[in-house]
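As structure tokens, the structure follows; a few thoughts come after it.
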Amino acid sequence: MSWSNTAWQQAEHIYQKIIAMPFIQELIAGTLPQEKFKFYIEQDALYLEQFGRALALIAGRAHQTQHVLDYTRFAEGAIVVESTLHASYFNTYNISGLAKPTPACHYYTSFLLSTAALAQVEVAMAAVLPCFWIYQKVGDYIYGQHQVTNNPYSEWIDTYAGEEFAQLVAKAIDICNDAAQNCTQQQQQAMADAFEMGCQLEWLFWDSAWRMETWAAKLI
Amino acid sequence: MSWSNTAWQQAEHIYQKIIAMPFIQELIAGTLPQEKFKFYIEQDALYLEQFGRALALIAGRAHQTQHVLDYTRFAEGAIVVESTLHASYFNTYNISGLAKPTPACHYYTSFLLSTAALAQVEVAMAAVLPCFWIYQKVGDYIYGQHQVTNNPYSEWIDTYAGEEFAQLVAKAIDICNDAAQNCTQQQQQAMADAFEMGCQLEWLFWDSAWRMETWAAKLI
Amino acid sequence: MSWSNTAWQQAEHIYQKIIAMPFIQELIAGTLPQEKFKFYIEQDALYLEQFGRALALIAGRAHQTQHVLDYTRFAEGAIVVESTLHASYFNTYNISGLAKPTPACHYYTSFLLSTAALAQVEVAMAAVLPCFWIYQKVGDYIYGQHQVTNNPYSEWIDTYAGEEFAQLVAKAIDICNDAAQNCTQQQQQAMADAFEMGCQLEWLFWDSAWRMETWAAKLI
Amino acid sequence: MSWSNTAWQQAEHIYQKIIAMPFIQELIAGTLPQEKFKFYIEQDALYLEQFGRALALIAGRAHQTQHVLDYTRFAEGAIVVESTLHASYFNTYNISGLAKPTPACHYYTSFLLSTAALAQVEVAMAAVLPCFWIYQKVGDYIYGQHQVTNNPYSEWIDTYAGEEFAQLVAKAIDICNDAAQNCTQQQQQAMADAFEMGCQLEWLFWDSAWRMETWAAKLI
């Protein structure tokens, strides 16, 4: 069995929990309060900037020249999507862009950056994979369930269910499978654990958007 | 005004919230449930190991030779304290040592490691400072308030209120003040922000021990 | 005076030595022995791969989102040029591509990678600048001096004297000037020193191609 | 066969070249010109400072807590030895301590720092090993050959032939063997290659001291 199949099995329970979350279900139904969607978009932009940095660090540490190129382009893509969010949703919803990262957003990006900078590079590749793969799976699930006609979030839903994104995700999975073949069983387990951790933080990110999370220590 | 004074002013509101937390107040009163203290000690051991790594990374990036030596010794100290916890409290309370880091513990150490690896080294020095300084201030506060005679946590309370720890903290503060003098106003602000973030994560760490935090995505 | 002007003044003596080198003068005259040119191209491909990694690491550590994007694209460019060398000169000259880096090549890329990974990011930006700026200056000098008609290296000479490369270089200089404005005098000096070191290693790289450098410890 | 035996076999030809070098032979004979010894000591102090940083970075990235502690103490040791050089030989020989690193010194430390920061941590452990192991072997060789009675370098020679240093080296080798057991064949080869590269740079360092190396680009 390929590494990606094993890793997915280990993390699938989290995927199941994500698609059952109220944020996802209300996105599908089109009933998600606009303020929660706005909150999510603003945090997503903050997330993507750091995700881009993590991908660039992996590019800088990848063994194969082709992977340097692949992760460089993934990084470029993340920053371009971040800019696109500003040019589209930030405009549409009149988002100020002055938000600070929530604990969930900052936690997730701190995990990605520390892993990309310090861990075995194959483990770092596995850590950033959920943002490709879970997103695609969740995107496909939402796309398959939603009613296009009267859903205010149709445009957003289309983005992550497209063929272009699917090819990107397939490449990211392939690279991880290649990388895993040069790893011991123990190192492959470390990769799977990093993947699972990324999936948990995906869950936390959606959850924090639903809760419109704030810094408890500042408010209490 | 020295950098450390400015930074403390920015973060003092968090210190005030920390000393008012139920975990701290019940430590002082000696009424803290033992299972919460055990939970805290186990996470603290996990924290210290990563804190030691972050300090070693700063040693590897410090500009002055003396600071390489200082942070190397800080790192050694953190790992030695971690071992001491195992030899003392882990034994006394029969703690298995098989716990995984809570989200709060993992978040805090991911922040320290990513900052130590990637940020301007002076900012990294400021990010690790709360674990010295806040701990001493909280330790002194607890020591000043508690009744020694019948408090089951007296031994622990004595540790962070000692003269030896005070000298360590004074050195860590001095180094940050030295480092700040070679920084622009903007860089000093980044240092103060990293210090404040560390203080918030100190709050979160105590809070998570009180809540005996678990991974929501795994349980729900 | 802008940082780049100051830095150029500090390093100009090395530029003057580079354009006087036999490798450069024989490139201009078209008399450079083909084996030396082949040797140079092969090492240049090895260099560009690591240069791309260093640029990606800087992308991962840059403060401004725009700079993350810029250095990501610089990195992508370096790897693409490396591939182009394989597809063109490696073919033309029947280069095997199995060479190992010379000491000069390995030294230069070790300097770039350690600086990109560990130094203040502004200093890292200055360290990679010579490969843009010195190359352009040397390229312009060669282009201005050489006889197109019977020079076997005309195609190569045209590459670094083009408008496209000039725009890339202008952007890399502008970013360094921007970055320097957020630095203290001492930090700007560290940037200039890193730039000068990069220029010296450019000299060493040309020199090693002329000498067709080998690993002395292996041969003696 | 243990990893260290395999790695030594791969690199032994360099060890053989090192002990035949004029610098070593004249150290043994006591005929080494004092200006060359002074030059070496001054560069060694510059080297040790960066070696200490590389060891601290490995401490920050090691998987096992015990190894974090070991490399932290190695790092501390390197910086303490560096200080000792200042307090002894710098005084005795009236060395100013204002020297800049030679190309050989800067090359070697750039290799160690880039590897410590970016490579798989087991490979980084192998890269720093020659400075322990080759030094001990060369030290033992010199100690076994020299005449104590009238050798002006006796004190220095005693340092690296002592039991204390031998135990340090044995620990560094053991850690690498432990680390290698968690690596694939290909990763073990990468470790051996990094070890061999370190040995070559040991050779280059001695060679540069004999040549009293300067920066060619600055002087020509």
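Going by the order they are written in, the chains are A, B, C and D; count residues from 1 in each one.
Here is the rule we use: a contact is a pair of C-beta atoms (placed from the backbone, for glycine too) under 8 Å apart; a residue touches a chain by one contact, two chains touch by 3 or more.
Note that the structure is a prediction, hence the values are computed from the model and not measured.
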Third chains touching both chain C and chain A: B, D
Path length in the contact graph (chain B to chain D, fewest steps): 1
Interface with more contacting C-beta pairs, comparing B-C to A-B: A-B
Chain B-chain C separation of Cα centroids, rounded to whole Å: 44
Centre distance in Å when chain A and chain B are each reduced to the mean of their C-alpha atoms: 30
Where chain C touches two or more other chains at once, by residue number: 57, 60-61, 117-118
Topology of the chain contact graph, where touching chains are joined (line, ring, star, complete, other): complete
Chain D-touching residues of chain A, taken from the complex the two chains share: 60-61, 118, 120-121, 182-184, 186-187
Chain B residues touching chain D - in the complex, by the definition given at the top: 49, 52-57, 59-62, 65, 68-69, 71-73, 75-76, 79-80, 82, 116-117
Chain D residues touching chain C - in the complex, by the definition given at the top: 13-14, 17-18, 57, 103, 106-107, 110-111, 113-114, 117-118, 199-200, 203-204, 207, 215-218, 220
